[in-house]
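Chain naming follows the written order as A, B, C and D, and within any one chain the residues start at number 1.
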């Protein structure tokens, strides 16, 4: 066997382990990677807590480099064994994999204290490692499809909300004015969104009677309008569920429309595939 | 060719460009107008931010006049080439187009410092320019129809809410009283609406044990009741979706009831029109 | 004609006007009554605003008595012309009609300054006049039916929420303790309900890291659970709409299942009754 | 009759009373127990209110022991007459029954003042007595089934929310920083969850313009995403209702698909079983 062939066999085997999930080794690799991702993200979170950083700064930096090296090896292996390197590098996962190691190296290159802020932000970029987990989320498809199908309607909805927010903000700015915390229309827009989404921080609140009346109307109006995306998503999910039920087919007699809870075909008694 | 005919041809061509969206020139005109609207609205927003007004006051005023003149020309052209002038002037869009230029001219006519407040409010009226954008929102129809169909039910709902709000406000006013921020029933109604819509600013909160118990009941009660408009809108949207599906018809074999995702008719294979 | 027969004719005529809505006089009576109700309720609201009471106290008291006398006459007439007096008196509307005049007379009977609080509360009871409006709300039936049908499920839901609230409140009380505003379990329950319904006043908030983590879980948990009543109501309304559609029948060919928007039967072209 | 047989008859009779609900004695036993549970839970709540504990401490302790003894007897009887003792002890209800008496005895064993905190927490554990009520909630099944069926989708949803929360928290931490209350990423995550669930306490709020803009986007984004669990639950409940309707069968002619409101079969007129 030539060296090339040998290399090709190794790449194929690695590819099965790294990109696949069917083999035992592939599953172990995935589990190990998930654990590394979760731990390294936890590390980024801990790092921002003042007294943890002071007490365990050194250990954290060491662990940080440990994970960086692991993810670098992972990225190198993926590049090495990928069938379509450029395509992988440009794909969503390729970019996320690169972004999850880049900050550590950039920090090494620009260590100057005068770039402290940039470094701090860069360090936080490591949180994007969490997006590596999306790879393992195969069930999100139905939800994503429902979201995508509703996309146009949701855009129309957001556009209408924007018009409403602008008009309401301007009215509230005129009524309440800067002396009651509505210092500018953008500030007033922040208040309107806080109110219309029913978040209601209370950092800015109307103080005049007229302002409170308009605010009350805004809440009730907003409440009715905000019911719309909920309605859109619900109707789409319902459609998807009916559609999915139609797709669940008995492999024996081809009957469709089985209950999501059914384990056996109610016509021929054949075992049904798992409901996805 | 006489001058009248010439004029008539010009008006027809202008009408195609200004009111239509099918020709290339018409589309460019629309895009240019949308950009002007968005920029002029952004200007109104920026103007209300104190330090921006101080630093760039002159530039803002110049830009303001630039947009006013553009919208004036647009209004004049629409009036000139419209087939039914009076109808256009009285229509929703005609009024919005006029309102978006009027404030600037009024400010010019009444420059007195003693009318500062009126001028400030007038200036803010320019925000209504944003409503010019509705013209370009052709997809909102289904939502608007769902809203209109639910209109009567939503009125009944708001009426019931009002009764509930009044009774609850009076009880809370009696229990908490002016010493805990519930200074009058209207103020108490403001609190009830803030609570029942789950906005919850926290500017007025119950302090007595009984008041807190009633508030907790109000929240749970309100939460159940407020589910109703959401339910109404959801059911209407579902109906609309089923209805729309029935309307999507294969131009070849006339079969209806196609999947929103389908591109080809599942009976004859003919291409389907885009799902609106 | 004897006097009794005369009296009986008068009672019948009055009954048609007061209880009915089909005649012209009946409709005028209803409209006049609705205006009186709205105005008298507005009066109760205004009365609680300090400076209004001080300035217009005398006028308010006079108007108050004006409305009391009107409602007394209404009550007397209803009693007089009702076919089943005792049944009317015991009915929901009979009780509301009595409650809306009682407070004024009670205030007259117990004028002592030492019962100021009782009087103040009694005076507020006049707000229940607003319930007289329910009589004119014929369209609320579908909503009420949906609510009633969901009643049992909503009870189960509230019961489950109560269990959850108790367990969560106890945990938060143990974690945060009196030093962070969770002074007792009932107080903690108030916080839990404020949080779980997403009202979020912010008058009591967790301060320890563990408390904030439990609070975050509470919000997410609560958010999923609180989706249930919304789901129940939506499903019931959907059922009601399908049911109602089945009930809308062409008077000509008896076909059912017409679109809510349809004005004519799509089989025989006969005019359809109004969609209720 | 031998002593064993006598014992066996007694156990059987007790079992019918304690575990069953069909006999009169069984129903009385259940009602008495429910009252005891509710009262003992109310006692735990009252105990945490400072002045109540000071004034009525002795009476509360006596009542506390009264209920502990009652629940001990109940536990002993259940153990005695249960057909499968070990299974009962390990079951959810067996553990809850034990947990509701244990704290009182543990408090007796470890009376030392130096374990005050542990005792306080133990005492609060008595709140779990409330879970004994679940036994009496037979109607929760449909809801629980809808929840269980949606379980996987809800997990996917929570997972997606977690990713979103982490990314948004990191961005807000970078933008606002510790000087505006976002002292660490975990703290920022607390803020993000408070915002995305629309609770909005207002204890931490963005102060920079950029932070407020991102917060506004977070609210709108979160609002759309949070509509999903509501949609999932609604669709599942709708399915369950349709399913349940199919299950309601006329005992006479076996026709299914009856209206939830129907009392008689619409084909043969036979009386229908109660709609569960």
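Everything that follows uses one rule, which is that a contact is a pair of C-beta atoms (placed from the backbone, for glycine too) under 8 Å apart; a residue touches a chain by one contact, two chains touch by 3 or more.
Every value quoted in this text rests on a predicted model; they were computed, and no experiment measured them.
Undergrad: According to the touch definition, list the chains common to the neighbour sets of chain A and chain D.
TA: Chains touching both chain A and chain D: B, C.
Undergrad: Go ahead and align chain B to its copy chain C using Cα positions, then give the rotation in degrees, nearest 5.
TA: Result for this pair is 90 degrees.
Undergrad: For the two copies chain B and chain A, is the contact made of the same residues on each side, with over half of the numbers shared, or of different residues?
TA: Different, since under half the interface numbering is common to both chains.
Undergrad: Measuring from the mean C-alpha position of chain A to the mean C-alpha position of chain B, what distance in angstrom results?
TA: Once rounded, the distance between the two centres reads 30 Å.
Undergrad: What whole-Å value do you get for the distance between chain A and chain C if each is reduced to the mean of its CA atoms?
TA: Each chain reduced to its C-alpha mean, chain A and chain C end up 43 Å apart.
Undergrad: Check each residue of chain A and list the ones that touch at least two other chains.
TA: Correct list: 186, 189, 198-202, 230, 232, 234, 238.
Undergrad: Where on chain D does chain B make contact in their complex?
TA: Contacts found on chain D: 198-202, 230, 234.
Undergrad: Under the touch definition given earlier, write down the residues of chain A that touch chain D in their complex.
TA: So the residues of chain A in touch with chain D come to 41, 44-45, 48-50, 120-121, 124, 127-128, 130-131, 133-134, 137, 139-140, 142-143, 146, 154, 158, 161, 186-187, 189-190, 193-194, 197-203, 226, 229-230, 232-234, 236-238, 241, 259-261.
Undergrad: Chain D touches which residues of chain C in the complex?
TA: Residue list for chain C touching chain D: 149, 152-153, 156-157, 159-160, 163, 166-167, 170, 173-174, 178, 183-186, 189, 195, 198-202, 205, 209, 212-213, 215-216, 219-220, 222-224, 227-228, 230-232, 234-235, 238-239, 243.
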